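In this document, chain identifiers A, B and C correspond to the written order of the chains, with residue numbering beginning at 1 in each.
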Amino acid sequence: MSGRRIVITSGKGGVGKTTTTANLGAALAKRGRKVVLVDTDIGLRNLDLVLGVEKRIVFDLVEVVEGRCQLRQALIRDKRFESLSMLPAAQTREKEAVSEEAMTRVIDELAETADFVIIDCPAGIEHGFRAAIAGAREAIVVTTPEVSAIRDADRVVGKLVQAGIPLRLIVNRIRPEMVKNGDMMSVEDVCDVLQAELLGVVPDDEEVIETTNRGEPIVLDETKRLASIYDKIARRVEGEIVPFTNLDAPGIFGRLFTMFKAG
Amino acid sequence: MERRLAERPDFYRGSQATAIFNGELPEDGALSRFLATVTGYGIVLRGLYGGDELGALAERHALAYLGEPPRPAVTDIERKRAARAYKAVELTEKARSLEADFAGARADIANRRARGEASVPKPVFAPTAPAEAGAPPPAAAVAAVVPSSTLYHRGTLRGGQSLQQLGSLVVVGDVNPGAELVATGDIVVFGALRGTAHAGAQGDAKARVFALELAPTQLRIATLIATDDGARRPREPEVAFVEGGRITLAPYAKIGSTSS
Amino acid sequence: MQAFDTPAPSADAQGAATPAVTRGRAIVITSGKGGVGKTTTTANVGAALAAAGKRVVLVDADIGLRNLDIVLGLESRVKFHLLDVLEEKATLDEALVRDKRSENLYLLAAAQTREKEDVVTAQMKALIEQLRDRFEFVLIDCPAGIEMGFRNAVAGAQHAVIVCTPEVSAVRDADRVVGLLPGDWRPELIVNRVRPQLVKRGKMLSVEDVNGILRLPLLGVIADEPSVIVATNRGVPLALDPISETGAAYRAIAAKLSGKDVPAPSVRVPGGGLFSKLGSFFGGRA
């Protein structure tokens, strides 16, 4: 029985890949799934910070690949979620340290015993990106409703299609008031341009910055609305059809939201 | 073997063992000494394996003679060999070099964690001087260390940079989060230590870490590891050392450089 | 603070003797972390410098993921890009796009459909040298990360400006980048997207928190405003907006880069607090 391998990518940096990886992973773990998060941003690792485990890193991905330790020695079990663990990236190395084949081997091994292997991809489309998608079978493309982010996401979608990796889209950091004023693209506009199936819509929330700095994924707090949104995304990832919340009804979706394949 | 047992005196206590003698027989006297040593460490000798002639010797020392040593089955050997081949990993040159040594002590840490033992205990803060401050160290306990050099680095270490040394390490500058110091000896940071430091990286638990501001992401001495919750705001120079099997911190002013 | 380098021998220029006494300054705008505002900063600082009369060229080194043209609203005018010039499919003059509003500001766009690995470091260096002969400021917009794209962007430059937001991951990535720059450089810091109210409530890192780790000379502090996104989407740099505070901050940064003393802090805080402390920070130095 092999777990699902999903890469979280975007092209543009800073749109929320790592935050999405952490929160989606935690949401799935909350539902009882065995989840392993993998940080592939070698040299610029951040997933450990976002999860708050940076002080517990003993071995990292590069050392696993180089055979200096075993996989289980490098994995860090999250103390808050039983079934969540993560494999940190190396900080003192370069991305060239892990080839696409080596990455695939590690992901394969992780997938043998996990329900979900979620791969946090670095920004850009260089070697680091290629290695990150090498082990994946599915992708989630994260974008913000901004021209430059969408352009970069488009490039990434093209590469994923080329690689034969099915993908879905998360639109992150949407500000419904700005969409209403016409100052920001609507979710529909984004989907039109990217021609991708929508997996989730996450509103901008200033609490995310704070929770990131503290190393506590926002889904830890059930009372936060973002927690329920990530939960819905987790359910959709598992195949459930969950209708989209009307955060601000017609607001985010611009015009009336008609034909849409939910899932 | 005596030395080996002395290193971990309690490790084998209560266990059973057999002795295999291939080739020439030991003398009575030698065997007596061997038995004495072994029993001294609490090891129960079930019997001796060896050629026929061993039988009489065994009887004289009231030990069971177990016959010829068992040969492992061919299939066992093949399976082991196959398993070894499967695990063989392509090591890069870097992995084979000096760096591989530093990973060894960390493996201990990781294994303990994998076994479910408390992963990263908080260091103990001891504002008073340690007990042995007055007594001079017993000469025999000072292990002979391989002669090594000290690396001196002036400048701040940025995240992602790493200094490793067979010997001690001195940094005049800060060590930022994400930076790493590894030394087989002591580590001295004349600045803020905010990254990771591993002193005594090849197992010397007497190694110490000194810093003007000791606030590391993670601290390791030999095979021990410690971190704190980040709430510490050290206001004076401190030193970290191992005491009672745990990493302990104390103000430098109180401890000085007393060796122990 | 010198705006120009001391005269360089013409031995390194391509072929023809360089009559110019002073050569332009090549500055790379970098950060490590993506999405912190490198491109917006490059565009705005460039626009501000140009508005002050300097001849400026902006180079988009984010091959394959170009964005500088969008931020400037010039995407429809790009005919040739950086790789075309490097591969001699077009001349520099054919590739340089003049800004809509200022005659002092030019853009050299990145290629969209190519890869960063297609650029050879030596070629990039040579190109930047050429640009230094023609412009007073060559601002290089660096891609996120620390891979080949980053290395090429840094290759031709003499100075770096680090852009960092008040977030732990951004600080960590910025620190990594500083460690990878040539050891004799003295990079300067811009702290972007600061929200003074959140800092006051202790929900966001302060500038001191950020620079406590980075320890770089502070070039500027820019507050977060929705208007930045709007301006980006519309292709109009805020630096040209006379009433925008963010624009004023960028203009102050440009002034500093060209060697002028800047008496006032970049960000005004409603009701004092954090940045009134910064006032003395700025006032005492330049």
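Rule of thumb we're sticking to: contacts are C-beta pairs under 8 Å (C-beta built on N, C-alpha and C of every residue); 3 or more make two chains touch, one makes a residue touch a chain.
Predicted model only: the values in this text are computed from it and were never measured.
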* To do: Take each protein chain as a node, join two nodes whenever their chains touch, and name the resulting shape: line, ring, star, complete or other.
  => complete
* Asked: What chain lies closest to the overall centre, CA atoms only?
  -> A
* Compute the distance, rounded to whole Å, between the mean C-alpha positions of chain B and chain C. => 50
* Approximately how many whole Å separate the CA-defined centres of chain A and chain B? -> 39
* Asked: Between chain A and chain C, what's the gap in Å when you average each chain's C-alpha atoms?
  -> 29
* Structure fact -> Residues in chain C with touches to at least two other chains are numbered 172-173, 176
* Numbers and ranges of chain B residues touching at least 2 other chains -> 159-161, 177-179
* Structure fact -> Going by residue number, chain A touches two or more other chains at 43, 91
* Structure fact -> The answer for chain B against chain C in the complex is residues 156-161, 174, 176-179, 194
* Structure fact -> Interface with chain B, chain A side, in the complex: residues 43, 54-59, 63, 66-69, 72-74, 91-92
* Contact footprint of chain A on chain C as seen in their complex -> 32-36, 39, 64-67, 70-71, 112, 115-117, 143-149, 167-169, 172-173, 176, 195, 198, 203-205, 226, 229-230, 232-233
* For the complex, which residues does chain C have touching chain B? -> 172-173, 175-176, 178-180, 213, 215
* Asked: Hey, which residues of chain B end up touching chain A in the complex?
  -> 89-92, 94-95, 99-100, 103, 106-107, 109-111, 113-114, 119-120, 159-162, 177-180, 217-218, 225, 227, 230
